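Just so it is clear, A, B, C, D, E and F label the chains in written order, and each chain counts residues from 1 on its own.
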Amino acid sequence: MVDEDIKLIGKDGIRRDGRKFDELRPITIEAGVLKRADGSAYLEWGENKVLAAVYGPREMHPRHAQNPSRAVVQARYNMAAFSVPDRKRPGPDRRSVEISKIMSEALEEIIFVEQFPRSSVDVFVEVLEASAGTRCAALTAASVALADAGIPMSDMISSCAAGKIDGQIVLDLGKKEDNFGEADVPLGMVTSSGKITLLQMDGNLTLDEYKKVMELAMNACREIYQIQREALKKRYSTSLEGYEDIEDTEEE
Amino acid sequence: MVDEDIKLIGKDGIRRDGRKFDELRPITIEAGVLKRADGSAYLEWGENKVLAAVYGPREMHPRHAQNPSRAVVQARYNMAAFSVPDRKRPGPDRRSVEISKIMSEALEEIIFVEQFPRSSVDVFVEVLEASAGTRCAALTAASVALADAGIPMSDMISSCAAGKIDGQIVLDLGKKEDNFGEADVPLGMVTSSGKITLLQMDGNLTLDEYKKVMELAMNACREIYQIQREALKKRYSTSLEGYEDIEDTEEE
Amino acid sequence: MVDEDIKLIGKDGIRRDGRKFDELRPITIEAGVLKRADGSAYLEWGENKVLAAVYGPREMHPRHAQNPSRAVVQARYNMAAFSVPDRKRPGPDRRSVEISKIMSEALEEIIFVEQFPRSSVDVFVEVLEASAGTRCAALTAASVALADAGIPMSDMISSCAAGKIDGQIVLDLGKKEDNFGEADVPLGMVTSSGKITLLQMDGNLTLDEYKKVMELAMNACREIYQIQREALKKRYSTSLEGYEDIEDTEEE
Amino acid sequence: MKELISRITKDYLFRLIKEGKRLDGRDLLEHRKLDINTGWIGTAEGSARVHLGDTDVIVGVKMSIGEPFPDTPDKGVMITSAELIPMASPKYEAGPPREDATELARVVDRGIREGHVIDTTKLCVTKGEKVWLVFLDMHILDFDGNLFDACGIAAMAALMNSEVPAETFDLGDNYKLPIGHVVIPTTFYKIKDQIMLDARLEEEMIADARLTVGTNEKGELVSMQKGLSGVFEYEDTISCIEKSREIGDKIRALLKDKV
Amino acid sequence: MKELISRITKDYLFRLIKEGKRLDGRDLLEHRKLDINTGWIGTAEGSARVHLGDTDVIVGVKMSIGEPFPDTPDKGVMITSAELIPMASPKYEAGPPREDATELARVVDRGIREGHVIDTTKLCVTKGEKVWLVFLDMHILDFDGNLFDACGIAAMAALMNSEVPAETFDLGDNYKLPIGHVVIPTTFYKIKDQIMLDARLEEEMIADARLTVGTNEKGELVSMQKGLSGVFEYEDTISCIEKSREIGDKIRALLKDKV
Amino acid sequence: MKELISRITKDYLFRLIKEGKRLDGRDLLEHRKLDINTGWIGTAEGSARVHLGDTDVIVGVKMSIGEPFPDTPDKGVMITSAELIPMASPKYEAGPPREDATELARVVDRGIREGHVIDTTKLCVTKGEKVWLVFLDMHILDFDGNLFDACGIAAMAALMNSEVPAETFDLGDNYKLPIGHVVIPTTFYKIKDQIMLDARLEEEMIADARLTVGTNEKGELVSMQKGLSGVFEYEDTISCIEKSREIGDKIRALLKDKV
């Protein structure tokens, strides 16, 4: 991954896109953006644009895949053909199959699956524009969509990556940094408990570097959690407004 | 589609294959050509060679696709690998999926589907040689095969295209005319009522041109209906002959 | 298949790998090599390396494929990607589909399928290294694996090919001999009765040559049967040893 | 699909329609609110998101260099695909019907291709060897009926918004994708002998027949597709074409503003 | 498949067969009426439709230019495929069994390939670069048993009827596809220890074992395929080969007239 | 999968684990017996069969010449695939779960790729045109849990055993596949808050969470993958990494002897 000619961090310690080592790209989240889905969220994270929709709990099809004692969580991560510089062929590839699997597992941890035997909770994430860090963006958006759908959950999951570029530990690698950096560690965290529900790593890190990476990523997850909460609060107040409107109408 | 160098109509108003603007290519239809199928028809239309077979009404598989209140009509349009100048890969492509869909819908209109809940009526059309206008040929042959199978129907469907070449409105475009013409309008018509059950158009037509196209195509459908009826009449008399033979045998 | 420049048999009548015309390549078989499978066998035959595993009789899935009056025998012949000089794409190709089919049919003959209605007997053969004659190796190994699984059988199947190279009839063609020879006849035989359960042929043989080929192949099958029996005897005695150990333990 | 709607809703809809009324108070031949956003996706050569009421679709255009078809050696190539992703509807749970997506993609494709929306003669790099490939990918995000119009309009808008990425391929400066004509599709639904425009999902589910009409800025007819098992009278098709030209002009004006 | 035939029909067939008789009055080793029509399809380089009793198949040959295999750089390439289309039988409703089509295609393919029916050395254009590809596509239209013989004969007839389309590829004048040998397959069925030729569907459904034998005009054996779960005695195979040579000669004579 | 194990076995396993014990008497952080056989397959450029207890896998390496990726024109290309063949387990009857095989292949792939196990810069033949392709194919023969370690170790051994088949492609003498680093994966399972190494199938079936850690000969971390729906504490991951380095060194020593 190392390319000697490319400098990702300036002498002033500032990254190519102007960020400091521990700075996130701008993140905005909007909950409840789709009408048909039971819950949804739209998230922009730097140049990443991600839409998440939740259906369920609903009767699982096909029946033979039902679990008689709990709900099955099925996440589907999908990239739009136009979401990357070189057009992607539509349909699942090995990368998206893997990400769908680890997202499903991560989300299952926080959902009260025992309450919904024989059901499925389906989470669909569409990556409309991709620019490094889409699995963290997807998992973060999916958590908000699940909450928007009113799925009983023990907590939220927030997700962010940290890694190493030019020998330095930095938070939330951008596209160039991901391509030419030395290590990337996507983390998914159950925010209140600090427990790890998604963790991958590739590249090259000493144990000390790993510790620094995790510190950065875990702090960032807490920061992202606040953005998730704000999105839900805003959605909740909007819903209430809508509710009041209806009451007004009824009073007339 | 316009190519300035190619003249499709001579100065005498005669087309390359010797036809006048409102003249069909030669059409022959034979009903009852297959033994296993419940009904069948073989049709030649110019160079087009099309075979249609009908099975049903029969119990629909898979069961979950059954409709409890009526029969499902499933047409399958398929081109043989050797039916076109450049060999076609076997199996359905997007074009044949679309044609199968609109054929199914067109045929459903005339079949008394309410009489056969949970059943399917399966219509298989094989294009053995293709030379422009195969979907009209397929729909025309399928109607005869349905009648041959004794499927209760309210009417027949007859089908023919008209279009524009060299700026003139003509009936039943041939291969060259289709490739280099300016517009093509395949029409499927419930013959007695004159109602439209299949209609597509692509190319470029003014509203007036559209009206002329439709007049030509609708008249041709009535002409084709007579050929369909003749084929069934001939089949019916052959069957009767067969029936008489059996009676003779029984008398001995 | 004939290439004039390549001599497969020397003037002394000895083949390129040192064998005489009626000589088998070395064959070793070990039964009971896998833990999960109900029965298994590992076979080396010249450079061929083949592993066979048996599961069943077990309830057949999917249910609609069950036979209410007998077990269904399903053999699956598969070549590892690295088993041939030019890497093979993983997954079934037309050749392996055909071999799986004729293997299933051949094995069904000797299994008491009537004893196990609605069941399947699944035979999985993996070719780990291929060097001509893999279908005979696969069928021979599968028979041993079935016996190891304790599947009730009327007899064993032994399998071997013979053919023609340089105009002479020889037994058990090797890789070069198969590529440049004139005919190959893989045979599967129910050993005690001498009946033919698998037979294929391609190339060019007169009737007399065919008779000589069959004589060689049938004799070889009887020879291979002894190797199969030895493998099972050895396995049986090993099992008994294990059984005695258990008894010892119980006596303590 | 007709079975997925309750008998009561169905009857209510039929009653309304007989009176020439609709669920959302629209007139029979009135479109829903149309929102067009273009240039949304940075990785695409062009993009458009279209809301037609609650139907929400996004179309992205990608371009690269490839080989022309042998019979059109000097023309660019367009490849269209539609994904009815399960996000868009609870009915797509077990995967959306493949033939619906195929018909949708092909109808949008024909409107653009046969209407000469893209001037493909300006997309040749080396005759017979290298031409521009234009990939048009449609994603359905929220499905409340009438995908034909939503996708057709979004495709038109995305193409008008597209830039040929010549620089990426060392072929000089980027330039606007050459647009020949502006084609707008309009879809009509027949329910109990009434013809209505732009059906919502519930209306679409009880429709007997469907007719999509595409016209260009000259009022010429460039594409038609009849769907579903019901029938149209010849006269119906004439009035649909006339109405389509009228609506097409309005949407073309809106597009001009937006792109 | 055995389950799809009623017990009564089965018992009746068994009784007949024990007496050496058949449903349609034929002798055990008699072929059904064989009809061969060639040159039927204008878009194909060669074609043949074969009726073997009520079994009805069509084989088309298409040719184009492609790359040779690395180990045979100066030889043309043949690609065979069979489609058991659902038109042919009520049993193919849910799609015909894939392995049946595969075995059929491969057995026909081997007879032609190993019998050197096509002289592939005459199909080289530029050694190691360009050779003729011969696509052989079989369609089953009506299925009344014994597809191996119907398709094998139709394939042979279609190849003998084929013309190499050199003009289309600017490679000089068209010429007849070079035929090396004329290979005819004959398929035998064993039912209750009786061996019969050319089974109809009902017979095929109760057969214990099947043996296809392909021979050429010199009486040489070029291909064999045993199928189904029953067994043959060695002596059975000898008599089948002898009979196959006899029948093969008759059909070769018929082919010579027809093509 | 949790449902396929009986409640009694489950409870028994839980009881054992709470006491820090295991079914086969191992300590929680002890590997099963590891057997490595290399060079087994003559048709492969390199191969290894690994037994990890009763888990039995084989990995074969094949190489050929192909095109590099545009962004790494001077580097060889590795393609990894895993087949969970139905031979390996009664549970794979109806076909093994596709996503399990995909995750397995990708995790092994990443360990090798990101750990720079193959020095791909030495696998370039002609920059931008021809490089060596390295195909790594894993077959699971007998499945008793922990495929990640068995396959990861077998892949490493097979690569160390591989020879570049230059002679076959007329590119000079064969030479050993250039190895940059020796990466060993170690997989930990969390059950009821206990962390154990190298689970057998029954243990894997009741595990809450899984963590695979790959380290190289310098003790550097090169790949991690957390799996299953349970969670890890941050501190857990630290101790897993430390243990992985220790185990990795032992296995690297073993590999040096074997290859």
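Observations on the structure shown:
Following the convention adopted for this analysis, a residue touches a chain if its C-beta (ideal position, glycine included) is under 8 Å from a C-beta of that chain, and two chains touch if they have at least 3 such contacts.
Everything numeric here is computed off the predicted structure, so don't read it as measured data.
Farthest from chain F in terms of Cα centroid separation is B.
Annotation: 28 Å between the Cα-based centres of chain C and chain E. Chain geometry summary: the mean Cα position of chain C and that of chain D are 58 Å apart.
Mean C-alpha positions place chain B and chain C at a centre distance of 52 Å. Separating the centre of chain B from that of chain E, both taken as means of CA atoms, is a distance of 31 Å. The touch graph of the protein chains shown is a ring with every node of degree two. Ring order of the chains (start at chain B, first neighbour chain D): B, D, A, F, C, E. For chain E in complex with chain B, the touching residues are 40-44, 47, 54, 56, 58, 60-62, 64, 81, 83, 85-90, 93-94, 135, 137, 139, 141-144. In the complex of the two chains, the chain B residues touching chain E come out as 34-37, 47, 49, 51, 53, 55, 58, 61-62, 76, 78, 80-87, 90, 122, 124, 126, 128-131.
Here chain A touches chain F in the complex through residues 1, 67, 69, 73, 94-95, 97-98, 100-102, 105-106, 108-109, 185, 190, 193-207, 210-211, 214, 218, going by the rule given at the top. Residues 3, 98-99, 102-103, 105-106, 110, 113-115, 211, 219-234, 236-238, 241-242 of chain E touch chain C in their complex.
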